[in-house]
Amino acid sequence: MNSLIPLLVAAPLAGAALLLLGGRALDRFGHWIATALAALSFAFGLALFADMLGRDAEHRAVTEQLYSWIPVDGFQADVAFQLDQLSITFVLLITGVGTLIHLYSVGYMAHDERRRRFFAYLNLFLAAMLVLVLADNYLLLYVGWEGVGLASFLLIGFWQHKPSAATAAKKAFIVNRVGDMGLSIAIMLMFVEFGSFAFQPVFATAGDASEGKLTAIGLMLLLAACGKSAQVPLQSWLGDAMEGPTPVSALIHAATMVTAGVYLIVRSGAIFNLAPDAQTAVVVVGAVTLLFGAVVGCAKDDIKKALAGSTMSQIGYMIMAAGLGPIGYAFAIMHLVTHGFFKAGMFLGAGSVMHGMNDEVNMRHYGGLRKYMPVTFATFGLGYLAIIGFPGLSGFFSKDKIIEAAFAKGGTEGWILGLCALLGAAVTAFYMTRVMVLTFFGEKRWQPDAEGNDPHPHESPKSMTVPMVVLAFGSVFAGGLFVYGNSFLHWLEPVTGHAEGDSPLSPWTVTGLATACMLAGAALAWQMYGRSPVPVKPPVGSLLTRAARRDLLQDDFNHAVLVRPGTALAATLVWFDSRGLDGFVNGLAAAIGGISARLRRIQTGYVRTYALSMFGGTLVLVASTLLMRSV
Amino acid sequence: MSYLLSATCAVPAAGAVLTAALPAGTTEARRRTTKTVALAVSVLTLGLAAAVAASFEPGGARYQLTESHSWIRSFGISFSLGADGIGTALVLLTAVLVPLVMLAGWHDATGPVSGSAAGSVPEGSFESKRRTQAFFALILAVEAMVLVSFLATDVFVFYVFFEAMLIPMYFLIGGFGDRAGGPDSDRQRSYAAVKFLLYNLLGGLVMLAAVIGLYVVAADQGQATFSLTALTDAISSGKLVIDPNAQRALFLGFFFAFAVKAPMWPLHTWLPNAMGESTAGTAVLITAVVDKVGTFAMLRFCLGLFPDASKTFAPVIMVLALVGIVYGALVAIGQKDIKRLVAYASISHFGFIILGVFAMTSQGQSGATLYMVNHGISTAAWMLVAGFLISRRGSRLIADYGGVQKVAPVLAGTFLIGGLATLSLPGMAPFVSEFLVLVGTFSRYPAIGVVATFGIVLAALYALLLYQRTMTGPVKAGVEGVKDLKARELAVVAPLVALTLLLGVYPKPLTDMVNPAVNDTLSQVHRTDPAPAHPVAATNGGEQK
Amino acid sequence: MNPANYLYLAALLFTIGASGVLLRRNAIVLFMCVELMLNASNLALVTFSRMHGNLDGQILAFFTMVVAAAEVVVGLAIIVSIFRTRHSASVDDSNLMKL
Amino acid sequence: MIPAHALAAANGSGPSIPAPHIEYGQLSPMLVVFGAALLGVLVEAFLPRRARASAQLGVSLLGLGGAFAAVVVLAAQGHGTTKAGLLAMGAVAIDGPALFLQGVILLTAVLAVLTYAEGRLEPRINGHRVDAFAAQAAAVPGGEQERDATREGLRTTEIYPLTLFAVGGMLLFPAANDLLTMFVALEVLSLPLYLMSALARRRRLISQEAAVKYFLLGAFASAFFLFGTALVYGYAGSLQLGEIADVVSGVSQVTPALAVTTQNDALLLIGLAMLAVGLLFKVGAVPFHSWTPDVYQGAPTPVTGFMAAATKTAAFGALLRLFYVAFPGLRWDWRPVMWGVAILTMAVGAVLAITQQDVKRLLAYSSVAHAGFILTGLIATDRRGVAAVLFYLLAYSFVTLGAFAVVTLVRDSKGEATHLSNWAGLGRRSPLLAAVFALFLLAFAGIPLTSGFTGKFAVFQAAAEGGATPLVIVGVLSSAVAAFFYIRVIVLMFFSDPQPSGPAVAVPSPLTATAIGVGVLVTLGLGLLPQYFLDLASKAALFTR
């Protein structure tokens, strides 16, 4: 059975290779190959899951050693997979949602001439993401980590002819690289500390290391997580990443890849548990991003960017939960999975809307679409209810648990985190209601485009709606299923461990508060956007709104602090290289030439000058010979 | 005594003479004959190199297939060759790259000498007839000399070929440009060639003094020989004790030459000129093959002969290498010329290699050796595709390009792969080596390791910026006519891409070959890897379940 | 007389000859100054020969005379041919090649 | 030494004069050459004009060839090693260095004579082939008489006997074992050279100017040499080098006169310095080099080649013998001074060559720099040093001769086109010739696998072993500077566009071709497989006394 594990990765990888190398011949049906291989991988995942269920909790984790990858003395990096409860959860999410999105893309990308390549990249992404979650050591994880970065780069920039897409792709990769630097350093620290970077040995020995070292490792892992999961301060790429085709945003920038940071922190729980300072950093990052993303989400008129802000914010929840330690790990993952369903569903919904609206993304040009796109409206609406935490839907359960856990952290810290989480819940309800209202309710506000074509909003084809429906099911029921009998918690506990916190509030109080916040947020949004007509041209807005529209000035900050000085430095160094270093060498050459030209003048051409130089030379020679004796 | 190694070196040398002696290329058919002969010779060399690698036993003696022929007895010199893991890896690299470079430069020697002086070579003149022969013969000559350098186990023999390879290289740079320069490209190119030669000659001459000094010191203690193995044995057994000051001076003499060749900051400024002005194939030959002799020699000669001095200078050198990593990357970001950008990227990469060599850990040095191979392959892919692009558009300026992926998707794709390899994407060969170098460096000098890691961000910047500016966006004027890769060009790029991927996922054959030699080098400098603070239990990795 | 005096004279003559070479312009005079230097050497040789009581120095002096004569032949030939070309015996006029 | 009492004794025993014992066999090389020279004079006197040129060539080649055969036979008989000894009453030493250098001089002379006889370069005049030498040397340049002589196709065939006389002097110079012989040899080799300098067919004014400068300065230098001889004689009471050495080191019997003179070290030291001046002038060491550029430029190029190669060889032979046989005891006095001279010579020669615009002047300054390199070998003061110098001279002679022979071929309507701007693009017009010249330049620059490198390595190694490490470093740096101007010429030839009205390369007769070809062969041979000649040099490197 274990031999299926490599096949999980191999299936989509083969798909990618086949589609990239296959050439034009595969243009017509390549996308079906890719979809089939994604589904195959999902099937393998299900089989492994079933197999795992058949064993008792302690023996569910298996490892599959493939081959020795980089063997150098004292440095053993293996290609080895570890399948346990945590990774199978991800495998199912990735391959499941992945397959749905492949299916959706068949319709969505039907008219793109480079569709074959798109599917190749999607398959490549699946393979890389599976490597990421299946690796049994950090270095192999790193391969998957950057592999998904590559896939993300290729897919964000899929429409390369748009300079904005190409720029966004590059930006995503480079910001991620900063995070990757953290992962590299973390791995190096582990190697220096433990002589290994495989999960099991490192976690087993982590207790021997000093807290300082562990904190350092933890902080570096956090940096990595910030990059991949778009957490403050490396959040800036996610909004731009929406330049990619919408299925990509759904799969990579909502459901799976961006949550890799959460996976990393939860996976490294054994390290974080021993490094409280690092944990504090994690929760701070999570809490800040939670609010940051929410605020940005409130101000965006671009539907995908609003959803991206939401994604950032929701991952902030997860990161915060992961930072809470054993009280939060399982809930972080739980929210991750439910978020995977509803956010992917909503992105697909957004894609469906754009599909019907000639790729218009500005919500101020939507309005009243519920009549034209009933399925999209229904699925999107269910996702909406899930994300704002409408009681009974999946988001309600998973977010609730995180808020509880935040309070359970205890002390002032617990209060601060809990209140942040509640505030976040309110804001979430606000911006999601805003999206919902602007898109599906109110008057229609769309206008003919430049050539006078009316958008003719229409429902999307089956291949697109079916995945949306499936995801909507997940959005509705997953939470309840997971919470029922704490099944999800028990499932993950052998991997992540679990601890009950000491919450100052009872669970019911928290639930009540959260629901109240949610209702308040939603009501406010309805008040602002549902009760009065929405101007097509955005109002100037408050200072905060304007800042939020500019992503709270993140790019301005980066530009001022990094890009401009960096460019100036590069230009200075280019100058220094040609004028300074080369100038020095050329100057030296010129100096020798100058000496030569000057020295040449003693060659006057007059015999008597030559004789004089000989005579002088003789005197010097005689004198120095005599001098040598006397010295 | 086996003659395999000398045959490996002699075949390209003989091929160079043969190619030069073929009838003048008055007709296209004759020119094709010349090229085919040269290519066949290089493929034969590849076969011999493969035979060397196949007969090399990783677990065996440090130097295998050794042979020694009396050459200049008066100076204690014998023509000794021997293959160790490091040398064999680089021999393979050379033998693989040369046929590809030839294939890539198939038409580089025909046509006008340069853009500006198009009419300066009258049709039917002696020169126009002999250009093809000259180009391919020079490449083969470089190959022969590089191979000897990698295999020499005699300091003098190494020096001779280290130095002599400058001459054919010089003519390759100065004589054959890429037809993409500005109006004064002739002048620029000859400036580049002279700069290349003078820098390296100065380095070589300083080394000459050190080579002589080494002999004198050794002869004083009854070890009048240039034999590397004899000298290192004598040094490690204490029979030859070089006084610390002398050792430092000699080390610096050797190192200076290697640092110029490598090239290490701040001695690097010849490389951008040389790579920028020459043909893409020549640029690959410079950066992927010839420069490797420098880093290779640091590992074999500096460390092996002057262990104590190496340790003394290691921190300084590491700092310079570090500066090179960051500096090269930053200057690459600021470049306007594609080939110069690749050159500065290489300078950054050479910083990594030197870092790995002088970290004096097994990861660092294995990584550095792998880095030499991987950088050779990946930069070759990147540079050659860039060359194909430049030859189509006739410009090296980044600003002249845009949207190439629209008109030439395969070209753009391979160019991206080259760029990704350059930025050490995991799964590709350079990642393995770069990470090993970083780990090796970090485990002894954490601060340097951390700063060096910053280089991976900068690498992403220059590689992707270049890709973005040239390949994406709307199709620029002048680019519309760019054709996609031809079969010949694909045949050049495909093996390189395949190797990049293969060595990224399965580098074990290479590491197995290199590790024993690295351990031997480390024992020569009396260095052991720093032990982990809290080693994990013997259970390594999985397999518990 | 103290033989040292002959040597002083020889040194003086040599110096005068050398100074002449440096100061005079006429090629013939210049050459004569060289001859003076040779003869200064001859004087020194003969003096030393006398001091050491062997004949080597004197023999060399004879040889010097022969050599000087040969030099005159060659030298005059060259100088005269130049003079015929340029109508000047000044060495400062022979200044086509320099730097 | 011929003591006065011996003469007195002879007087006493009657009128018979004891005949000195002369070893004709061992002196045969010189005797043959002088004999051939005299025969040449007779040819000049008695043969009709038409027949003279070929007859002179034949006589010269026979004479030189015969002398070379004699040298070989003597060497084979062991006169260079075991049977080395003093001949002709101690006036001449036939030993290893003497035979070796005589061999080198004779071979160079043979090649030089071949270039003299080249008749295909100058345009035919009235159907007469003419060579590089003045139609009638005595005629006023541009005068009526000269026109007549030119029209009649006259040739200065006296050049052959003059050369033979010079060669005779050169053979004697390194073999001279007393100061008298040395002085005579100096004059015998110099006087013909003065004349030969004046014999150029074209540009007669500068040719004459070269002659007068060479003559006046040469005579000036000879005067110093002679005065030095007098002072040393005054100190030691002997002209024979071995006896001088004995007096200097205090092993000879102290006569009353010696007791007085040896009190006065100044006598010895000033004498030594002045002797050195005379010889350093001949080798062209700084600051006694100022004649070289002017004379090299003005003299007919075949003569320049001969002079540059053979004179330097002979003069270094004499310098070696003087320092190694007569003054080894004064090593501590002359070594530091010669250090200074060597450093100055290397540096000034290399630096001044950079800005030269005339290829002959450039080669002249290059020869100055090379004199400096050879001096470093001389300073080693051991057998290895001597061997290194001998080998260097062998290598250098052929390269120099070959290079000047190439210069004779690059011509325009005004004769040889020696201005460097005329050499631009030569590599495009006639690549073969340019390649050959480039080879010679690379050998001058000391690039490995050429004879120049082997020679330079040998002298530097000897110097380093002799403890002159700083000298080696200066040598290395000067080599780098020197490389700059050699490479400049190569760049000019290969990478510059030819001038529209540039020079043509004349097709030489087999005579010059032979000279150049032998030069190339020796250059490569001594670079690739120098062992035999190194052995020869080291076997020959022992002075007898």
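Each chain carries a letter (A, B, C and D) given by its place in the written order, and its residues are counted from 1.
Everything below uses one rule, namely that contacts are C-beta pairs under 8 Å (C-beta built on N, C-alpha and C of every residue); 3 or more make two chains touch, one makes a residue touch a chain.
Just so it is clear, the model here is predicted, and its values are computed rather than measured.
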Most centrally placed chain, judged by C-alpha centres: B
Identity of the chain that, by mean CA position, is farthest from subunit B: C
Rounded Å distance, subunit A centre to subunit B centre (Cα mean): 36
Chain centre separation (subunit A, subunit C; CA means) in Å: 96
Subunit A-subunit D separation of Cα centroids, rounded to whole Å: 79
Whole-Å gap separating subunit C and subunit D, where each centre is the average of the chain's CA atoms: 24
Multi-chain contact sites of subunit D, meaning residues that touch two or more partners: 212-213, 216, 220, 224, 293-294, 484
Numbers and ranges of subunit A residues touching at least 2 other chains: 600, 603, 605, 607, 611
Subunit C, residues touching no fewer than two other chains: 18, 21, 30, 91, 94-98
Every chain pair meeting the contact rule: A-B, A-C, A-D, B-D, C-D
Subunit C-facing residues of subunit D, complex: 1-4, 7, 137-138, 140-141, 179-180, 183-184, 187, 191, 194-195, 198, 204-206, 208-213, 215-216, 219-220, 222-224, 226-227, 229-231, 233-234, 237-239, 255, 257-258, 260-261, 293-294, 297-298
Contacting residues of subunit A [partner subunit D, same complex]: 589, 592-593, 595-597, 599-600, 602-603, 605, 607, 609-611, 613-614, 616-618, 620-622, 624-626, 628-629
For the subunit B and subunit A complex, residues of the former touching the latter: 266, 268-269, 272, 327, 330-331, 333-335, 362-363, 366-367, 403, 405-406, 413, 420, 423, 425-427, 431-432, 435-436, 438-439, 442-443, 446, 449-450, 453-454, 456-457, 460-461, 464-465, 467-468, 471-475, 505-508, 511-512, 515, 518-519, 529-537, 539-545
Residues of subunit A that touch subunit C when the two form their complex: 600-601, 603-608, 611-612, 615
Subunit A to subunit B touching residues, read off their complex: 20, 59, 61-65, 67-76, 78-80, 82, 136-137, 139, 142-143, 145-147, 150, 153, 157, 160-163, 165-167, 169-170, 173-174, 177-178, 180-181, 184-185, 187-189, 191-196, 198, 200-202, 204-205, 208-209, 213, 566-567, 569-571, 573-574, 577-578, 581-582, 585
